[in-house]
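Note sheet for the following structure.
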Amino acid sequence: MTFTPLDELLLFSGATLLVALILGRGLAAGWMVTILYGGQLLTLIKMAALGYSDTIIHASISFEIMGQSLSWRFDALSWFFALITVASALLSSWFSCGEWERSFKQQGGNVWLYHSAMALNVFTMLILLASGDLLSLFIGWELVSWAGFLLMAMAGGVATRAAMRYITYAMAGGMAVFGGIALVYVAAGSLQYEAILTAVDQMSSTQLWMLVVMFGGGFGVKMGLLPFHLWQAPAYAETPGPGSAFLGAISSRMGLFAILLVLVKLFGIVNIDSLKIPFTLIDARDLLAWIAVFTIILPTFTAMKQNDARHLLAWHGIGQGGYMLLGVVVADAMGGAGGLLHVFNHATYQAALFMAVTAVIHRTGTSDLNKLGGLVVRMPLSFMVLLVGIIGLAGLPPMNGFVSKWLVYRSLLNEGMPLLFLAAVIGTLGTILSVYKLIHNIFLGQLRIEHEQVKEAPWSMMIPMLILAAIIFITGLFPGIPLAWVASVQEVIGLPATDYTLGGVESVSGSLDMIWVIGVLFAGFGIGAVIFYSAGRSKRVHQLDNYAGGHFLSADVRYQYSDNFYAGLMHLIGGWYRSSFLWLEKSVTSLVDFFSLVMQGLYRRANAEFYLLSTALFVIAWVVI
Amino acid sequence: MRNLTGLLFAGGLGFMLLSIAINLDFGTPTMLIGGAIQSNALQKTGATNIVTSVVLGYRGIDTLGELSILFAAAASAGLILGRRHTTAGTQTAGGFVLRHGGSMLFPLLMTIGFYIIFHGHLSPGGGFQGGVILAAAFFLPLLARPGAQLHHGTLSLIEGLAGASFVLIGLIALQQGKAFLQPMLIQDTLGVLLSAGTLPLLYLAVGLKVGAELASLLSHLAQTESDA
Amino acid sequence: MVDLEIWIALLLGLMTLSAAILVLLVKNHIAAVAAASVVSLGLALLFVLMRAPDVAMTEAAVGAGLSSLILALAVKRLGLWRIDGKTTRSSLLVTNTRREKDA
Amino acid sequence: MNEHLVLTIALPLLGAFLLPIIMRSSLAMGVWIGPVILGYGCWILANLWLHGNEQPFSIAIGGFAPPLGINLYVDAMALLFAFATQLLGLIFWPFRLDQDTPKRQALMLLLVASSTGLALSGDLFNLYVFYELVAVSTFGLIAASSSSAAYVATIRYLILSGIGSVLTLFGIALIYAQTGTLNLAHLAQLAPDQLNNDLGLAAFLAILIGIGVKAELFPVNTWVPEVYATAASRLSAFLAGLVSKLSMLIILRLLLLIFHQPEATQVILILGILGVISGEFAAWRAKDMRRMLAFSSIGQLGVIFIAVALPDERGVLAVLALSLHHMLIKSGLFMLADHWGGSLERLRGIATTSPLAAGLFVLFALSLVGMPPLPGFWAKFTLITELAGQTDPLYMIGLLVFLLATVIEASYLFRVAAKMYQTKPTDIVRSNSPDSGSLSLTTASLFGAGLIAATVMVSPLGDGLQAIAVQAQDVDLYIQTVLQQPLGEGQ
Amino acid sequence: MIPGFTLELILYSTALGLVSIGLAGLVLSHHLFRIVLALVIAEAGANLMLVLAGYRWDAVAPILTTLGEQPQMVDPVPQAMVLTAIVIGVGIQALAVSILIRIRQRYHTLDRNEVAELMDAEIAATAGTARDVSQEAPLGERPIPPITDDAVQVRGGRS
């Protein structure tokens, strides 16, 4: 029996899990696991041909159960997501080795559980990505959900509550998908992709609607699409440090993967476009687009309100998911490329940001934005990473976030969707505002007295962060590298492929050359610097050397404006969306609670005989009459 | 309100079932099984009372199940009531009539009971009816004399052995290559006590078991607890 | 012949039904048990009418006799043995009462 | 060899009759009788399973050819459930020794014998008798736990099941009056002509409601929470795991063989849906473990009822898969409840003191929710694909309710699981660990191991169940097997 | 004879009447002993129904008297079944009664609702949970005023 590269990858991943389970209590467990992730990454690189063509690698295992055949395979889409998964796992795991692990253990954390849960997450995600039919897709989907639950719940306390919320949402989503799969099975007679592709053409629009709602809703839960987004931020934020970096980078993208696979590849965006909503001008695709846009706006502005760095980032993660979906739903060459590229870009900067924040927590013990400040003098490298990250997140040049967002905007304009464009821009504004709050409250202003002895993060943390920062910049400079993968993904899922160059895209509908853009940008910086320094008017001041209202502050009073950030803005917009979804969620829960009470009352009421009698009566009456 | 609905529902259910049942062919049953049994009951079981041949032959396992139910009921009642050690006897001593009548009735009832049991395959009656009379015979002295001990040990011995012999008679048939509970030793004579082979034996087992079971049930119900 | 049967059946049926209603309506538990016994008796007679002597015998012995005995004993054990609200004793069955414990 | 199958019923009865006598003379010998008999029964059934040919066969009891006498009908489905009965009887054997031991063990033997009878019997009235025997021995065993609450629970159960048996008897009377026979095969033969009408339907519904009392059918299952909360856990496990399934089996058989009317399936479907809703919602707020399990059991049985309402053999397959799965899971969970008992609050942080038990709970819960590689997923998958394929919109409602119920189920089960893994072991836990814990934990591990084994072998198991379902669904095969010679030849 | 007033109607009405009265009693009674009595009645009705299933015009009891020519007989099978059913019924009845005796001893009442309340309380106490819903306040909202002693006397204490 010969192993295909996919077999090797899955075996490697399984072995990682086993090593984590068996040796996870040992001293060097973290390093071992990290090395094994490296091995997985190498195997993936061995399959790199996938990223540039539409070949398929099959796993040599397949099952035949209860008349269903289960198989696994990798194509460009799987490979692209798997690359991000394994890379972020590698870096997060690397980040956690050494110092962080030690301090985690000191705080009573279970390192064994952490490593095992991480390895399990990666393993299940690879299984999901490799799925070769709808059933194995669902199996992978459920596995990923539960593995995520494990990682989220392990911290106990608040985290467990958040994880419970997550699993309820995830189960609801999972069950919607399950129902959808049953409907597909009935319509197509099989769960193989090929059979579904042919069956889709024969489906009535009602059937298609139901499927779109069930699959879209089910997968959307994982992505944190709008009505179902409440679970995500607390669940990710409360996960132990590097775990949140990993989850934030890739976990909710599994939802996007499934949407791409099922809604875009199998059902086809054209079919979805033809599903009109009665009595309105919009169709299912517009609906998805608008959901995506609201997913961008609302969570982003919610993020602005957060006072905890991790929560702020996690809320942003939801919003960025909206860009990806928006790009994919626009579905021309540029939009698709933008959405998919954003998956990659988002993973890089989100991981970097979470890591930077974790590094700050590691050194200072808090992530409360009102208790930090001025750390730039103590942790300059972390500051650099965070700065790179937020530039990426805000979608500004020269980082990679700019490229993907530009592609999405450009395609919106090309396709004539100005309203969506406008909304997306509003989202970006919110992003810029809130990431400024992040970097300002942590690193700028004056250093707090209790943080005067803080040291830079240890190298075991610093190196992965710096690698990520480098990737963010390099793929910003040469977006052609990931765009090559993105183009073959587009081919695989049946969207028009984008024409890319090393520096960006080159097509009739618009071109972007980042090498040129960045060149100009740095030239501008250079000119500015020359002017600035040649003028000789600059003067170095100490961080504490400042005054307020013309009044010098003494050195023992630290001046940091952080509480109630953006008060005016929040006052202006807060009323529009404050807690409305929380209210929705709460009302659903109380409805369930109420029903539960009613049912318990039903069983508590003593009159069993009466039930029996009345049932017998109604049933027989139904027959007789 | 609930009373009214309850009443209405019960009445309505009864009425509806009646409207269904009235469509049945009353008085002219198809007798698919019954007819066939009637015509070959005598050869197969040797009993002239066809009900007996059905009870012990054709539906022998029903009877076994029924004995088991009685056994289970008696055992459960014993579990429930006989948990603590009890002083046997009723709360009150019997009156004159009861005391003397009881002792006079005892042999009479025993005779009648066994008669009914043994003629179950010939005439109406059999193990159940006879068993009930046996139970009454055992129970009467208990009512009459407060100090009288009903021998629970003996009773449970009887009930156990009687039940076991029912099963064993069935198993012997199985052992001899026949079916479980198949009647044996049938003689082709009509209306004679020994005509029905194992059937009277089975009925004897049934009678003894029912009698012992019911007697122990009754005594459990009748006795007071020392620490109630 | 058939007419006679119908009249007998009608009579027995009415008796059984009214006894059954009495079981539920009378205040006194002893009387209720007695009424239940009457139900069984009526039923036994109906069984005779139905050419079911075996069943009739069983119903009479078990239903009317044994079952009533069980219920009566239970009434006593349950402390419901009351006629007109106060504890009395059957002169035939009982000569001296120890204490009624459950009452 | 085949004839020996009757021993699986006869020997436990014999043992039950003799047990009190033997125990009085020799306790040491007495305690072995029950396990030996049940072990022998398992052996007979396993032998038959392994060496018997695939064809179903029928055993005429008393040597009377089937429509006249009573027969046992033995196909793969009956054999499977009979085997499960004997095995579970052995596993849940009441070992405890005190002055009530003989009676308790005798009742348990009766319960096993009658449950086996329920699985095998091919005669309607005989089923009724066995059903009553199950009921009576159950009452005794519940009341044997001798708490006051148990007595009340028993009497309420007894009354309910009493009405149930009146209705069942009534249904049987209607059927007999119409057809003149009680043999299931014979009835199946006659049903298309004689029972395919209002009367047949009314009879079936009466029987359905009567037997539904034990099968935890929706409105007649109010006994469930109180009985499971008061009875010994081992007994609850047997009742929830097995007896309810056997009652379900009877309903399934009747539906398959005799009553094909769409109205019958609709009633079952509606009641099943209501059962799912009521059970799962009620479990959501349950505060102690046993009650939660009881309510969840109601919900699960409702799901199985939905499956019973499905028409073809994949429906039967779903019923079998769901039943067996639930049997395994609920038995295990009740064993865990025996291990812990009581309020869910007491479970806080219990994973640190008994990690194995907590792990088992998570395993069972995952399978119950339908986590993919575990058998629960396949059972549910079979169900929902079949449900989605029906045209009647009622089935679609069933599908939606089922999915919703699963979400709620996951929510409450994992609320408990999360509680277990919280790092705050209270003092109550340590002081409250019962002595009988190790035995029930071992038993629970046994079920856990069974579950994992089933996960590994899910493919052959699925094929096997498929074959069983096809066989069970074949009405003609049933009729031919039982009524080999036409009526009257035995004269 | 009144037309339509047949033996059939009378007998079926008796059987179903007994079942209905029994069921009504089961639902309406508050006293557990009375409920057991109602159960006995309902069972008797079902038994009668079963015997009716085997009745035959102008036939004799199923007992053979001669070897040769046999007169028409009623169906023996239902009779055998009724025999079984009667004995089963009495067994269950005895069991029910013995449970009642215990309940009476433990709880000193046989009112169905009171007993259920006490049972719920005991289950909750054993499990160590607080009862959030009581019989008086089924949904935890508007509590219906608790039943007074007088009410118990009137409703449950028919004795």
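A few notes on this one:
First chain written, first letter: the chains are A, B, C, D and E, and each begins at residue 1.
The criterion applied here is as follows: contacts are C-beta pairs under 8 Å (C-beta built on N, C-alpha and C of every residue); 3 or more make two chains touch, one makes a residue touch a chain.
All values derive from a computational prediction rather than experimental measurement.
Listed by label, the chains touching subunit B and subunit C alike are E. When chain centres are defined as mean Cα coordinates, A lies farthest from subunit E. The most centrally placed chain, judged by C-alpha centroids, is D. Taking each chain's centre as the mean of its C-alpha atoms, the one that lies farthest from the centre of subunit C is A. Annotation: 26 Å between the Cα-based centres of subunit D and subunit E. With centres set at the average Cα position, the gap from subunit C to subunit E is 15 Å.
Subunit C and subunit D have CA centres that are 38 Å apart. Computed from the mean C-alpha positions, the centre of subunit B lies at a distance of 21 Å from the centre of subunit E.
Counting partners per residue, subunit A has 597-598, 600, 605-607, 609-610, 613-614, 616, 620, 624 as the residues that reach two or more other chains.
In subunit D, 125, 129, 132, 136, 139-140, 143, 151, 156, 159, 163, 170, 174, 177, 180, 182, 198, 202, 285 are the positions where the chain touches two or more neighbouring chains simultaneously.
Multi-chain contact residues, meaning those touching two or more other chains, occur in subunit B at positions 2, 6, 9-10, 13, 17, 20-21, 24, 29, 31, 33-34, 37, 39, 49, 51, 58-59, 62, 65-66, 69, 72-73, 76, 80, 124, 128, 217, 221, 228.
Interchain contacts (touch definition given at top) occur between A-B, A-D, A-E, B-C, B-D, B-E, C-E, D-E. Against subunit D, in their complex, subunit A makes its touches with residues 63-68, 108, 135, 138-139, 142-143, 146, 149, 153, 156-157, 160, 163-164, 167-168, 171-172, 175-176, 178-179, 181-183, 185-186, 592-593, 595-600, 602-603, 605-606, 608-609, 611-616, 619-620, 622-624. Within the complex formed with subunit E, the subunit B residues making contact are 2-3, 6-7, 9-11, 13-15, 17-18, 21-22, 24, 26-29, 31, 33-35, 37-39, 41-42, 48-51, 53-55, 58-59, 62-63, 65-66, 69-70, 72-74, 76-77, 80-81, 122-124, 128, 190, 210, 217, 220-221, 228.
Across the complex, subunit D meets subunit A through its residues 156, 159-160, 163-164, 167, 198, 201-202, 205-206, 208-209, 213, 218-220, 222-225, 263, 267, 271, 277-279, 281-282, 284-286, 295, 366, 369-373, 377-378, 380-382, 384-385, 387-389, 399-400, 403-404, 406-408, 410-411, 414-415, 418, 421-423, 458-459, 462-463, 466. Contact residues of subunit B toward subunit C in the complex are 49, 51-52, 91-98, 124-126, 128-129, 132-133, 135-136, 139, 143, 214, 217-218, 221-222, 224, 228. Listed in rising order, the residues of subunit B touching subunit A in the complex are 2, 5-6, 9-10, 12-13, 16-17, 19-20.
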